[in-house]
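Each of the next two complexes has chain A plus one more chain, namely chain B in the first and chain C in the second.
What follows is the complex of A and B.
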């Protein structure tokens, strides 16, 4: 057990926990877009900045990947911290002007203008889709391309990935919901990754519930016969 | 001009040899890709796929490294790479006019390659030879005091080589 102070409040955290997790468990709000408890912290969005004092030294850290330590003093509400977060959000909003999730955060954090030239992107490069595909699903369908201004998330060569099974985990985890999954005419389609796969119907209720690629993936992974896997969660 | 087909051969063998040079260690991806680019003049898709296959590194990671550095190119390059210095000194001495003339003569824009795969045209920002400006470099050979008038004969010289 580790004792620390967050915004003047005594907090007991578990060894190895991050400041963000400890704060959230203590009911203290820290904004974050690239954090998800199922994948490793990445510190990409920079919104979770806090001020940490250890001994004589105070500094700014990203709370999502900063581990708690005994006697640490954390402040999430100082003017400096808020200014820092507002700047980060302003930059994200300049990059992606049309994301309701960012507008909502702007209301909370008090960003009322964007002073930078507007871009036309819709991806904040949080990397949650990439990390979920790799760490949770265990595939590497998604990755990054290029760097700086040109950095983006895509499949290799912008071609439909051979690895992608259209499970939709990347869509589910996207904090700004820009990876739509559409099901039509017996296919599941993910336009952003230029990929579609035929849907498989449940042998009991007849409802479409997975893609052929998912079925193949599960067969290889579990070694179970096709008949057993072709039953949906409701009928199992 | 007809588009020249690029033949990519011996992918499996070449990748194997290059990997062996670096102890099959994917942490040395940059050196591996550099050596492969030396062989093919660029990084063909099938080469990146083979690197991923043999190193067991996800293709997404190999692709990220290959697109991260400006030194790597995923498009075929010409036999001759023409670099026009557009650094401050060369610019002042009129390198942009040399570049314009090169674009006219070759029929391509900076960053592109001619269809016959003879020339790739690109700009660089200062090569440390300001006194010789405007400088044009063709496959590591420096051509000093370039003028738009000299462009045509320069291209002709390399075409005939």
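What follows is the complex of A and C.
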């Protein structure tokens, strides 16, 4: 157990926990868009920055990947924190002007204007889809293309990825919900990744529940016979 | 090549080679660094080879009295005057040498001992011809601890390096010293990282030593990417063994068994020379198993960088060696604990490594006498821009900017006024006249709003628009941002937009304030050093040249005449002779006037290309 102070409140955290996790468990709000507990911290959105004092030294760090330590003093509400958070959100809102999630956050953080020309993107480049695909699913269907301001998430060569099984994990994890999954006419379609796959029906109830690509992936992964895998979770 | 298996064998080889060198009566050193090569040094070298052969003087053909050896050496630093040739033993220094000068040089100077006046450097102040390299003002105030050997050895020959005492520091370190002793020596020397951040090298080593691991790495960062800077390139091209020797010593001190040199692919000669150096050292047994019988084994591999500027950031560099995209990560856990492939890793810059053998040879006490209280030793700068003498200069820390620019660099060409100097590469700050007497060291430059960086130094004269300069560097950094973190990716893009707006005459005073606010956030909230330092050119120019921003915004004027939207070209009637040249050369037909009559520029049509001003011999075209 590690004892630390966050915004004047004594907090007990587990060894190896990050400041962000400890704060959230203690009910202290720190915004973060590129963090998800299932994947490794990425420290890219910079919204979760806090001031941490250890001994004589105060540092300005991302709380999503900064580990707690005994006696640490964390401040999540300093002027510097506020200033940086607000500007980062303002920059993201300029990039993606039509995302309700950002507007909600703007209300909480007190961002009431965007002083930069509006773009027309909808992806905040948090990288959660890319990392979930790689770290959770174990595939590399998604990646980044170009660099700097032109960076974007896409499939290799902008073509339907041979790796993608349309599992939809990327859609599930997207904090701004811009990776829709649609099921129609016996297919699962993810237009953003230019990919569709035929759906497989449960042999017991007859409902569609997975894609052919998923079935193949699971067969390879588990070595189980097809007839066992083709039963949906409800009927299993 | 015969393997060297003991200290005695190394000493014996050294004595033999040094003795041979002493006996060399005459030798000609032709600089074959990249800058001189671009100026035709290879042709000069070949001409010497041919001429010496023709006269039967080539030492490789015939040893004996009067024979001459020829060396293609590394960069001498005085790149603006290349190709450079030094004739030893008198050390006669010829500059701007052409292949057609070679027969005369051999005839008169090498054989006859006479001087050829026109090839000697002429002191612009006294008008006198200068005989020796060290007497040229460009070299006089320099302290060439690292660079001097560049001019003495053929970088492709390990024997040349051994002949000047190479690998003796390594022998001393791995045979006589404990790792802790070496680390203490490096700490006491006060050496700080030359790659830009200035972190104390010895502390870094100490931390890496502390972490137990069966595998540890040392890395040489040779991914120098600052536009116009080529210090590391010249060292790696001109004296690769000094870097390698430093790495072996560091590896032994921290307990590393494997090293990597990460070189940009755009540095073909540096790649070639370091690769060859590694092969030669391996063949001689100075790399590999049980070096000099010490029981210490270490080897080095070369990795090629793809050319992204951010690849020089240490964590991005390691990702790149591991085969991933060169993107930085948080460094809350230092590389000395978990670096390359999760192992304790010491990453130092080329110049830092090259300092190590010197410290071991001469001792920390000797080394720590050079420089200022907190910045020790020398630093190599690449002095470029509006300055008379461009090239690589190595100076003791603490020298003033004025000395570097005016004494070594010879001041501003064309009698123009000095306006500013940008130190530290694209993300360094610009310092004005009032800061010229600042001593050059890590902390002073930081405090002034600039930085040491890896050693770029760009001098700018009165014809430079400081807003445009800030825009130029931010454009570079915007293009080089990897795009991982929001402040750098989005913030720099908007900074560039705002700066472009201001140079287009469409800026507002709120824009200047917004630049400062953005600058603060990008500097504090970015993930890596690229973003953290990127606002420097903007913030420093706002700090020191705010008048110019205000003029651009409020008065719609660019005093330097650089920002096209804010200037117009006019013809001064009194000066116009009607020579009609501008009329003929204007690419858009915006100039009207009869021969011998007064000419006029149609402002509507003018595209402000400046050709009329360039071609006018009568100073009749003005920018207002």
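Note that in this section the second predicted complex is superposed on the first by the 236 of 236 C-alpha atoms of A that agree within 3 Å, B and C clash if a C-alpha of one lies under 4 Å from a C-alpha of the other, contacts with A are read in each partner's own complex, and residues count from 1 in each chain.
Please note the rule applied: a contact is a pair of C-beta atoms (placed from the backbone, for glycine too) under 8 Å apart; a residue touches a chain by one contact, two chains touch by 3 or more.
Keep in mind it's a predicted model, so treat the numbers as computed, not measured.
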Of the two partners chain B and chain C, more of chain A gets touched by chain C
Who does A:142 touch here: chain B (first), chain C (second), both, or neither? first
Contacts for A:125 in the overlay, against chain B (first) and chain C (second): which applies, first, second, both or neither?
second
So, A:134: does it touch chain B (first), chain C (second), both, or neither? first
Once the shared chain is lined up, is A:157 touching chain B (first), chain C (second), both, or neither of them? first
Is A:194 contacted by the first partner chain B, the second partner chain C, both or neither? neither
In chain A, both chain B and chain C touch residues 144, 146-147
Listed in rising order, chain B residues that touch chain A in their complex are 45, 48, 58-64, 67-68, 74
In the complex, chain A touches chain B at residues 130, 134, 140-147, 155-157, 163
Contacts from chain C onto chain A in the complex sit at residues 308, 310, 325, 329-330, 332, 478-487, 489-494, 497, 514, 517-518, 520-521, 524-527
Per the touch rule, the chain A residues reaching chain C in their complex are 41-47, 49, 60-62, 65-67, 80, 83-84, 87-88, 91-92, 94-95, 115-117, 125, 127, 144, 146-151
